[in-house]
Each structure stands twice: as C-alpha cells, then as structure tokens.
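Quick heads-up: structures coming right below.
You will see chain A twice below: alongside chain B first, and alongside chain C after that.
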Partner chain A sequence: MEKMIEAVNVSYIYQTKYQKTKALSEVSCSFERGKVYAITGKSGSGKSTFLSLLAGLDVPTEGTLSIEGQDIRKMDRDAYRLNRASVIYQAFHLFPLLTVMENVMFPMELQHVARKEAKVRAQEYLRQVDLPETLYKKMPGMISGGEQQRVAIARAMAAGGEILLADEPTGNLDSQNEQVIVDLLCKLAHEKNYAVIVVTHNEAVAAAADVVYGMKDGELSVVRE
Partner chain B sequence: MIFTVRQIGRGIVRHRYRSILVGLIGALTVLLLAVYAGNMDSTDRQLKRLPEVMKVQAKVSNLNGSLEEGMTIREDRVQAIRASEHAKDVVFTVRLRLGLGSFTPQEYEGNLIYYGAGMNAIGGVPGLRTEEITFLDGVDEGVLETAEKVCIMDASLMEREGLHLGDEVMLTSFCYRYEGRTYEIFLDLLGTDTYRIIGAMRIGEYEGNWVPADVIFPLDCVREAYHRQGVEFMADSGSFVVKDPFRLNECKEEMNAIGMLPVISRADFSYDGNALTIMDETFIRSAEALEENLALLKGMLPFVAAIIVFIGYLCSYLSVQGRREEYALLRSLGTGRGQSFCLFFGEMMFVAAAACLVGSLAAGWLFHTGAGVLCRSGAAFFAAFLAGTAAALFSLHRLSVMEMLTRKD
Partner chain C sequence: MAAVKNGFLRLFRTPVKTALFFLLLAFTVALVCAGGNLWKLCADNMAHFEEIFTTIGTVEQKPEKTVQRAVWRADRKTYRYVNDPVYGETVSPDVLDFEGAGYLSGPDQRACYMAQAPECRLRDDDSGMWHFMIVEASPVEDCIPSDPVKMELKRVVFSYYPITFPDFYYCAHFEEQPEPMYADQTYIMELVLGLPHDWEVAENVSVGRWEYQPVDGPCSTQADAQGHLLPNHLSENPVQKLEPGFYETDEGKAWLALCREYELSYYSLPVTVTNDLNLIMAFYAGEAYVSEGEAFLEEDYRQGNRVCLVPDDFARRNKLKVGDSVHLVLRYANYAQSASMGGAEGRLTAEGKAYEPFEEGDWQIRGIYDHTVSPGRSQGYLLADNEIFIPTASIQNSNENNIAQYGPMKGYTTAFQIPNGSESIENYKALWEAQGISHVEIAFYDGGYSRLEMGLKNMEKMSLILLTMGIVSAVCIVVFFCYLFIVKQRRRTAIERSLGMTKRQCARSLLSGIAAIAMTGCIAGAAAGQCLAVSAGAAMVQTRPYDTRYSNGAPQEDEEERTAKEEVTYLIELDWQVAALSGSLVFLFTLSVAMAGIYGNLRQEPLALLSDAGK
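Coming up: the complex of A and B.
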C-alpha cells in the first residue's frame, strides 16, 4: 500500500537558553491509509512531540518528514491541518461556548463551506458517530466525556482529511465509552480509509491497532506489525 | 474576511460576560482618566482665562497713595503709559474750568461757571455710560482719541443755552495749577476757542468725588491748547488695565523706567502723580492657587498614565491569556497565526472601542468633559489595551500548540 506519511531519521531538539533536550532521536517509520497505528510509551518518551510533528504544528530539527512525498517543511502547514490532518485530544478540547452542532460545523466554516451545507454535513457526521440528535444543540459541558470525544471525532471527520491523529483519546473515559471510541477509530481507518495514528498508554487501544510502535527516550521501535 | 468579521462578532457574543466585564473595567478606567484629564484641562483653561475674568487695574496716584485724581501727571509719563505695550484701556483725564463766550481772567465772575474735562475715553467720567450720550450721526466715542476741536456737552446745559448737536460754541477755558509747596490751587487761562458739539450727555449716577464735568473734550485737543498757551501739560488722573497679567513683572519694570514708582505710604503728601497702585493681589492669589493645582495634577500625570496603561494592558493581556486553549485549538484546526491574531485582536478591539465609548459618554454626561479630553483619554486607554492584547497574542504565538492542548492541569 502507498505510504501516506514517511519519517526518515527525524530528530527533534527542544532548546532553551541553558540546555538542549533531544525529544526525538532519528525516528524512521511510515504510515499508510486504512490502518490504525498505536504509539505507546511512558510519559516524556516523546510521543506527543512526534504527534505534534505529524500534525504540522512544528517541524523536525533534523531528518525528513513527508506527507505523500512532500516535505512538511515546504508545505503550508496551516492548510495541511485545515484540510488533511485532524487531531483529537484526551481533554476533548471542544469550543465550550459553541453547541455540539456548531463545534462540528466549525472546520467547515473555516473551509468557507456555506452554513446550510455545513449544517447538513455536520448532522451526517454526528449520526455516523452515533450521537443522539437531542444532544446537537447542547453545550459540550452538558454532555458526558464519551459523547464529547465522539463530537471531537465528528469534528475531525468534518474537516474532510485523511489523517486522524489522536493523543490519548480514551484517557478520560470509562471502559464502555473507551470501547466505543476505539471502534469508531477502527471504523474510520478500515471503512473510510483514514490513516489513524493514536498515542496511548492504554493496552486495549494498542491491542485494537493494526500496527504498534513503542517510544522510549525519543527512539521509536516496532512492537507489532 | 467575511468569515473573520463574522467570527469576531460571534466571539464577542459567546464571550459576552467576559466582554462585558472587561468592557466595564475599561469604561470605568476611561471615565476616571477623562475626569482627571478634564480637571487638568479645566484648571488650565481657568488659568488662561483669568486675565479676562480678573482684570488687573493700575491707577496713577501720588507717592503716598492718598490722591488718585486732582494730581499733576507729567506729559512724558502720560504719553509713555499710553504707548506702553503692557497697558490697555488707558484712560487719562485733565480737569478744566469753563465759561461760554470770550472773556478775560479779570472777567471770571459770572462767566467761569462750568466744569470741563479732557479725556481719551468715556471711562474717564465715573458712572457715565455710552448709552447716556447722544452722538451726532457718524460720530462715536472714538472721537475722544483724536485731537479734533469737538466736545460732548451736558444736555441740560445745552437746553438752557439753546444749543443743539452740531452747533459750534465758543468757550474760554482755564486749567488748574497745583502749588506743591503751599498746597494752593490756581487757575491759568488756556484761551478761547470754538468747538463743535458732537454729543449730548445725560449722566444718571455720577460716581466720582469731584463735581461732574459739564463739557468733555478729547484729551489731545486739550493738550494742544496747553501747548498753544505755552503751559506745561499735566494730566489730572490716569488708569489702565495690565494687558497681560502673566507678564506683570515686565509691566512693573517698564513703569519704573517711565518713572512711576510703587506707592510708599510713609511718603509726604504731594500733587505729583508719580506712583502706581496695581490691584494685582486677587489675581496673583487666584493664579498661584490655579498654578499649584495644575502643577499637582501634572505631577500626578506619570502615575495616572502608568495606572491607565497598566490596567489597559493587564486587563487585555489576562483576558487573552485566559483563552489560550481556544487559541491553541484554533491553530490546531488549521487557522493560521495571522488569522488567529485577527480574530482575537478584532474582538478585543471592539470591546476596547465600546469601553472607550461608554466611558467617554459617561464622563461627558456626568462631568461635562470636553470632546478633546475625551478623545485623548479614550485614545490612551485604547492604545494601552491593544498593546496588551498584541503582547498577549505574540506570547501565545511562541508557545507550542500541542503543549497547550496536552497539558493536563
């Protein structure tokens, strides 16, 4: 299968006035469409830094990270996040003052999709993540954690990209909701052909992944392929 | 662009409680600043208008200050004061005795029955107002500044003598001579001349100590009569208003140079009008009080400015910093730095503008603060507020988006 994302000898160094910290050390790997990837590792091992690079929020200090053959350094990374890659977080990070529906519509509005059209599409995405229609007009603070994470996934789908990056997506959920989210992520990869990359501590999430990488002290290794 | 504007509007509505709170703090700050600046402006204006409101009058007197009229003021001093750049509304008078027709000094009995005065402004007759004079068509009180052979005559005298406006009348006049050593007063002949009656006066309430004049002549016309007769001209009283009381010391120096001394109450009595009484005490007291106030207010300016800048800056800075997660989320969703900056900055700009407007309106309504002051106060707060917003946003730009969103605290 065609490589969607490819990292070759990617290193990342945090540099302050007084010290340098190597957060990633010569990481090489690739990600394909239609698969779920899990990156496991302890806190501070460099998982989130790697996810940040994959999301185009930063660029590698050394090495090459390319998206479908294009170097991320030379890309319009804002447009990349807007149209191709979405991130979901452990703390959900929905806009607290927007309704569930408005949160899902937001990326489409950023893409200048007409409001009416955005609304129709948002309803469709919310249906796909099995969110009851009664919650559409509620504020995020009024719904459960599992429901909020489903809204975050619907919002990621609304952006219309093909890469879904997730940082501990089940970290704040109970086991029942955890399974729902894992199933959803797998469905996106296997049915919608997304490349889903999940950073997690959770073994159940890792078990559901097609490929598992381990991260230790900034170095990436294959755990299961 | 439309999206940005719409999002700014939505942001304000969504964060309405925060916006209202920040706006109220801003409005209150602008109100306080406007009150402070208005106070300073009003004190400054009062100080500038003080010379108009509180005129500093100077009166010529004798050296011990006991005489303000019936003196001998030397012609050179009269002319120097009239020409001084520090004096305005200068009025000098000279007193005369008169009789109708032509007669010799020996024939004074029964003839020398009227009082006359030469002056360069109506203000020389205490209590006489311009409305109490009926002038010949095309003539006004400015004629007293000339040397024309004209006169303004008491209306009842004109009626008694069958005279009318525009008539010519022959008058024989005598001037006063004060003998300093013996304190005697003499009358010297000035001559007989014909004068055109250009005004009739009907004085209501005379306020002077001397007998009111029956006939008034232009001062310079009288001066010329003195010169023709070979008599040294002496004015009888004089006063003026200090043109710029803020240059009072310069005025006093010039008057000293002219020979006008300050009043010395212990000095001997004399008829010589060589001293000046300047009524400057009230003006100086008021000016000093206003200047002290202004200095105090200006002294506070750095502190007030610092407080305003601090409030404006801090308020906006904290407000934006409180929304760092929202900023990071926007960036994570693909909003560029420029657009994110515009969204937040536009929203804060609107809040600041509303705060300035409300604060200015309140200050204008409550304290009648002037538009200029309101604009300056509003602009100062607006600038500080936006500087705080920009600083907060630039500091957000430097932070890692992922770090902001993955922070668990």
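Coming up: the complex of A and C.
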C-alpha cells in the first residue's frame, strides 16, 4: 500500500530558557491509508509530541516528516489540518457554545461550504456515527461523553480529510462507549480508507489496531505489525 | 468570515456576560468621559477667569496712634473733637520689595501731579468758585471775631470771581479766643465762605448771616526725594496784619506766591501716573472703563510713551478725540493723596514760592474713559474731575524738587498686582508676615476670583476623582472581561487551531466579538458621559455664583449691588473631542489587552493544551 505519512529519523527537542529536552529521538515509521495504528507508551514518552507533529501543529527539529511525499515543513500546515488531518481528543473538545450540529458544520464553514450543504452533510456524518437526531440541536454539555466523542469523530469526518489522529479517544469513556468508538475508528479506516493513528494507553484499543507502535523515552519501536 | 460569525455567535450564547461587559464598559467610559470633560471644563474656566480677573493688593500704613484734637465751633460755642492719626516714621515702599513676592506689577506709591493744561477748558462754568478769596479788609469797629463781625473790604488780592460787595461778615470760627481786631488796622485774609451761625435754626437760608472763615494761609509741606518734610518759616496764618512794605517782606511775598499758586490752580488738572491701570481702584472695580480708544499697552509702560487717558467729559468739553494731544505742564507731585482728595495741604515750596514746572510736553490721547461712582467708595479711591492718567515712565525729568507732599502709603496711592488665586494670596501673606512689619496692612482684592477658584478647584478634584475612578474601573473591567472572553478561551483557540484555522483567523474570531461590544460600549459610554458632563456643567453655573467680595479690605456693598455683580460667564460648552478621545482610548486599551491575551493564547501549544485538559 502507498505510504500516506512517512517519518524518517524524526527528532524533536523542547527548548526552554534553561534546558533542552529531547522528546522524540530519531523516530522512523510510516502510516498507510485503510489501517488503524496504535501508539502506546507511558505518559511523557513522547506520544503526544509525535501526534502534534503528525497533526502539523509543529515541525520536527531533525529528520523528515512527509505527507504523501511532501515534506511537512514546506506545506501549508493550517490547510493540511483543515483539509486532510483531523484530531480527536480524550476530552472531546467540542465547542461548548455551539450546538452539536454547529460543531460538525464548523470545519465545513471554514472550507467555505455553503451553509445549507454543510447542514445536510453534517446530518449525514452524525447519522454515520449513530447519533440520534434529537441531539443535533443540543449543546455538547447536555449529552454524554460517548455521544460527545461521536460528535467529535463526525466533526473530524466533516473536515473531509483522510488522516484521523486520536489522542486517547476512549480515555474518558465507559467500556460500552469505548467499544463503540473503537468500532467507529476501525470502520473509518477499513471502510472509508482513513489512516487512523491512535495514541493510547488502552490495551483494548491497541488490540483493535492493525499496527501497534510502542514509544519509550522518545524512541519508537514496532510492537505488532 | 466563518470565524468572525462564530465569534459573535458565542457572545450571543452568553448574553448575561456580554451584556454585563457592555454595561460596565459603557459605565466606565461614561465616568472617564464625564471626568475628563469636567476636568477640561474646569481648566478652561480657570484659564478664562485668569484672563478676566486680576488680583491686586493695596498697601496702607496704619497710624501708630491717634491724637484727639479739639476744634472750636464758634456757632455753638463748643469744641468738636477730631481724632488725628499719628504715623511716626513713614515706611518706604521699598519694604514691599522682598523675595518671593511674585509681583506682576508694582508695587509703587503713585504720585498725583498738579499740571497746567493751558489750552484746555477745565470746567463748564465757574459755579462754586466764588466762595473763596484772599482780601485786604478791616473790621468796621474794634472787635474780637469770636462771632461774626462786619468787615470792610479794602482790596481783593485774589479771587476766582468778581467780588462786588463792600463788606462781609467774618468769624474766627475755629478759635475760642481769637486775637482782637482793630478798626484802624488792615488785615490780609485767606477766606472761605461758611454757613451762617443760625443756619440750623433758620427755616430759610436767607434769614441767616453768611460769614467768611479763615483757611490755611501760606504754608508748605514740601518734601525731599526721601519723603522728609523740608523745614520752612512760613507763617501758616490765614489772617495777618498788613504793615507798610508788607509785600516786600518774605511773608508778604509768600502771600503773593499763594495768590499766584491759586491762579495757576485755576488752569490746572490732576495727572496720575501709573504702571498698571488695574492698580487704580476705579478701573480695577470696573467703575472706570475705556469707552473710546484703548487702554495703555504694555510697551507704553515699558517705553514711557507719552500717551494718556482722559475723562470723557474733559474730552467732550475740549472737543478732543483719540489720537489728539494734550499739552501738560507738570508742576508738583503729591504722594500723600489721590487726585480726588484735592491738592497738597501746603501749596508753596519751603521757600514760600509757587512751584515752577519741571516737565512739559504733549501727551497723545490713547483712550477716553468714562466712569461711574460706587456709593461705597471712600474719598481717596474716587476719580477726580479732569483726572488724566499717564504712564509713570513718560515723565522724564526728576520731580525731586517738586514734591509738594509726601505721606505714608495708602490704599489709594500704593498697590501691586500678584498672580490670581488664594494660594498666591496666602503665600504673599505668609511672606509679608515674615517681614515683621506690623503697622503696614495689605488688603487684597480679587474680584471674587478666589471664590470662583475654590469652586472650580473643588469641581476639578471631583472630576479627577471621577476620571481616576473611571480609568481604574475601565482597566479592571477590560482586564477581567478580556480574561473571560479571551484568556479563558485558550482551549477554544487550541481547538480552532487543531481544526485548521490559521492564527490570524483565530485572532479574528476572538477579537471580533469583543471589539464589537467594546466599540458599542465605548460609544454609548462616551455619549452618556457627555450628557452627564453637560448636566454637571449646568449645575456648576447654578451652584457657584459669582461673588465680587473677597478680602479684608473690600468695601462693603449693599445686597442689591452685590447681586447685580453676580454675573460671570462660565464656559460651559463641552468638547466632543473629549468624549471621542475617552471612548477611543478605552476602546484602544481594550483592543490592546485583547491582543495581548490573544497573543498569549496563540503561543500555547494546542495539542499539549488539549491533551493535558483531557488528563
């Protein structure tokens, strides 16, 4: 399969006024469409930093990170996040003052999709994540954690990208909702051809992944392929 | 556009917070605007009043003691008691020249000059001139003139008016035991017409017997340049026996000189010199004002230009207009009295001669003044008929040999100007007290400026409190709401960033809403503040009447007059620029704080923030 994302000797150093911390050390790996990747590791091992680089929120200090062969340093990374890569979080991070529907419509509005069309498409995405229609006009604070995470996935789908980055997506969910979300992520990868990269502590989530990487002290290793 | 729209949408979803921000911001801007406006209004009014008010001090040497003098009243055969002041050593005006006094003009002890104006007509008619004469006369019979005695008129030595009567009644009115007079003797007498003895009991003037009373006689009060009285041997006797060859003696010559002096006086008018017209009480109080032409210019005083101010009736009588010249021959100076108090007590030099001119020239009319008389004014402060004002420096020759009288500083001869304001007055008073000269009193006149200033200063304090409160509360409110609307929204910024919004879009999203509310709040607040300031300004005029009375030396005025003067034009027009500036500054401050908050938000690493939030 074609490599969607490729990291070659990627290192990242946090530099403060008084010290430098190497968060990632010569990480090399690749991610393909249609697969679910899990990156496991302890807190502070560098998982989130790597995810941040994958999301284009920062660039590697050393090494090369390329998206479909294009160096991320040379890309418009805002456009990359807007159109190609979406991130979902443990704490869902929906806009609390926008309704469920407005949250899903938000990325499309940024892409200048007409409001009517954005609404139709948002409804479609929400249906795909099995969110009851009665919740569309509710505020995120009024729905459950599992529902919020489904909205977050719908919002990620609405951006229309092919990369879904998830940072502990089931961390705040009960086991029932956890399974729903894992299934949803697998479905996105296997049916919609997304490259799904999940940073997680959760073994169940890791077990559902096609490829599992382990991260320790900033170094990435293949756990299961 | 979507970012901006969502920015607004979020504000509308928190209406209480948004409304509170709007209202509080408008309130603080109103405070700033009202405070700023009132402060400016006070400053404008202070400057305005500073221009139209002046503060003068008048100086008066107080007598060391008073001595009672008994004056005989021949008509009632009793004594009338008069208190005469005793001044002791005359204090020089130099004592006023101390450090820190801060004079704007003066202090100077003004001289009033007697000057001939030979080309001018000084009076419309000679009424009142006939009651004075210097004559040679003999009693009809030997007598003691303790009561009116009939005198035969031998010769008129001097009179302003043709004397046609052959005899008259004479009484040594002020002496209890006058010297006897003899029918075979002729006397030279300086006389003035007095009331009949039986005036008070008469129902009609014609039933009384008019009598002449003695006045002055040849005397001198000439002083040297230091103000010391020059010794003289003049008789100071208004009635003297005539002996053969009398007019060849020094005494006789003095009598003739006195007649000459009176003759010259007929063509003389008073000329007052000044370094500042404001130091003349009548001008200061507005009782005298330049009705044509203009007042003296600064350069007139400085360069000693030969210009003058003449009274309007004098100008009318002599058909003079601004720009014409008046020829003046200055003969003697009087430092003891103002023009309205008459000439010097001694009209002759210490040698018993009439004063010779020491300065002569043409003074061009700079302005013509008109004047009214305030009923409360004492004699010294009034203006005299035909009184002409000239700049002090316009007299070029020294008057040291022509000082007919010198006396202690009086309010009507000695004055100075200091900066306006109670602070200035109090400062002067403190410095003056430190000089330790207790018998020289200084009275200040500021036309009510101190009261106005006090009112305005109170208002200025209020306005500064308002302004400070406004600024402090504006800072607090802006910082607090920027924290709520921006800093606390950093997770939202992180989400937006992770969703692909550029930093600029994120900034716009955060700023648009708060900027819109801040702008409307600032506009509303500025308008409200302006209205508040207008009301306060109007209240200021109503609650702060103008009071012309201030000081310990101000003459008392009756209530009607005082009320009539309680008119002063306050500047109450407010400047919209202050409102605009207040609103703009608060708005710009809000934008600055918001931008700082946004910058802080955007510096946060989004994923770290959002990941940490979850954990």
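Operating definition for what follows: the second predicted complex is superposed on the first by the 225 of 225 C-alpha atoms of A that agree within 3 Å, B and C clash if a C-alpha of one lies under 4 Å from a C-alpha of the other, contacts with A are read in each partner's own complex, and residues count from 1 in each chain.
Convention: a contact is a pair of C-beta atoms (placed from the backbone, for glycine too) under 8 Å apart; a residue touches a chain by one contact, two chains touch by 3 or more.
Note that the structure is predicted; figures quoted are calculated from it, not measured.
After alignment on the shared chain A, the placement of chain B and chain C results in a clash. When both complexes are overlaid on chain A, the residue A:Q149 reaches neither chain B nor chain C. In the superposition on chain A, A:A159 makes contact with both chain B and chain C.
Of the two partner chains placed by superposition, A:S45 touches none, neither chain B nor chain C. In the superposition on chain A, no contact is made by A:S66 with either chain B or chain C.
By the touch criterion defined above, A:F95 lies against chain B and chain C together after alignment on the C-alpha atoms of chain A.
Look at A:D78: by the touch rule set out above, it reaches both chain B and chain C. After superposition on chain A, the stretch of chain C whose C-alpha atoms clash with chain B is 596-604, while the remaining options among 92-100, 182-190, 254-262 or 596-604 stay clear. Taken together, the two complexes place residues 48, 51-52, 55, 57-58, 78-83, 86-87, 89-91, 93, 95, 97-98, 106-107, 109-110, 112, 159, 167 of chain A in contact with chain B and also with chain C.
Within the complex formed with chain A, the residues of chain C that make contact are 2-3, 5-6, 9-10, 13-14, 491-492, 494-495, 497-502, 505, 605-608, 610-611, 613-615.
Taken in their complex, chain A has these residues touching chain C: 43, 48, 51-52, 55, 57-58, 78-83, 86-87, 89-91, 93-95, 97-98, 102, 106-107, 109-110, 112, 155, 159, 167-168, 171-172. Interface of chain A with chain B (complex): residues 48-49, 51-52, 55, 57-58, 78-83, 86-87, 89-91, 93, 95, 97-98, 106-107, 109-110, 112, 159, 167.
Residues of chain B that touch chain A in their complex: 3, 14-15, 325-326, 329, 331-337, 400-402, 405-406, 408.
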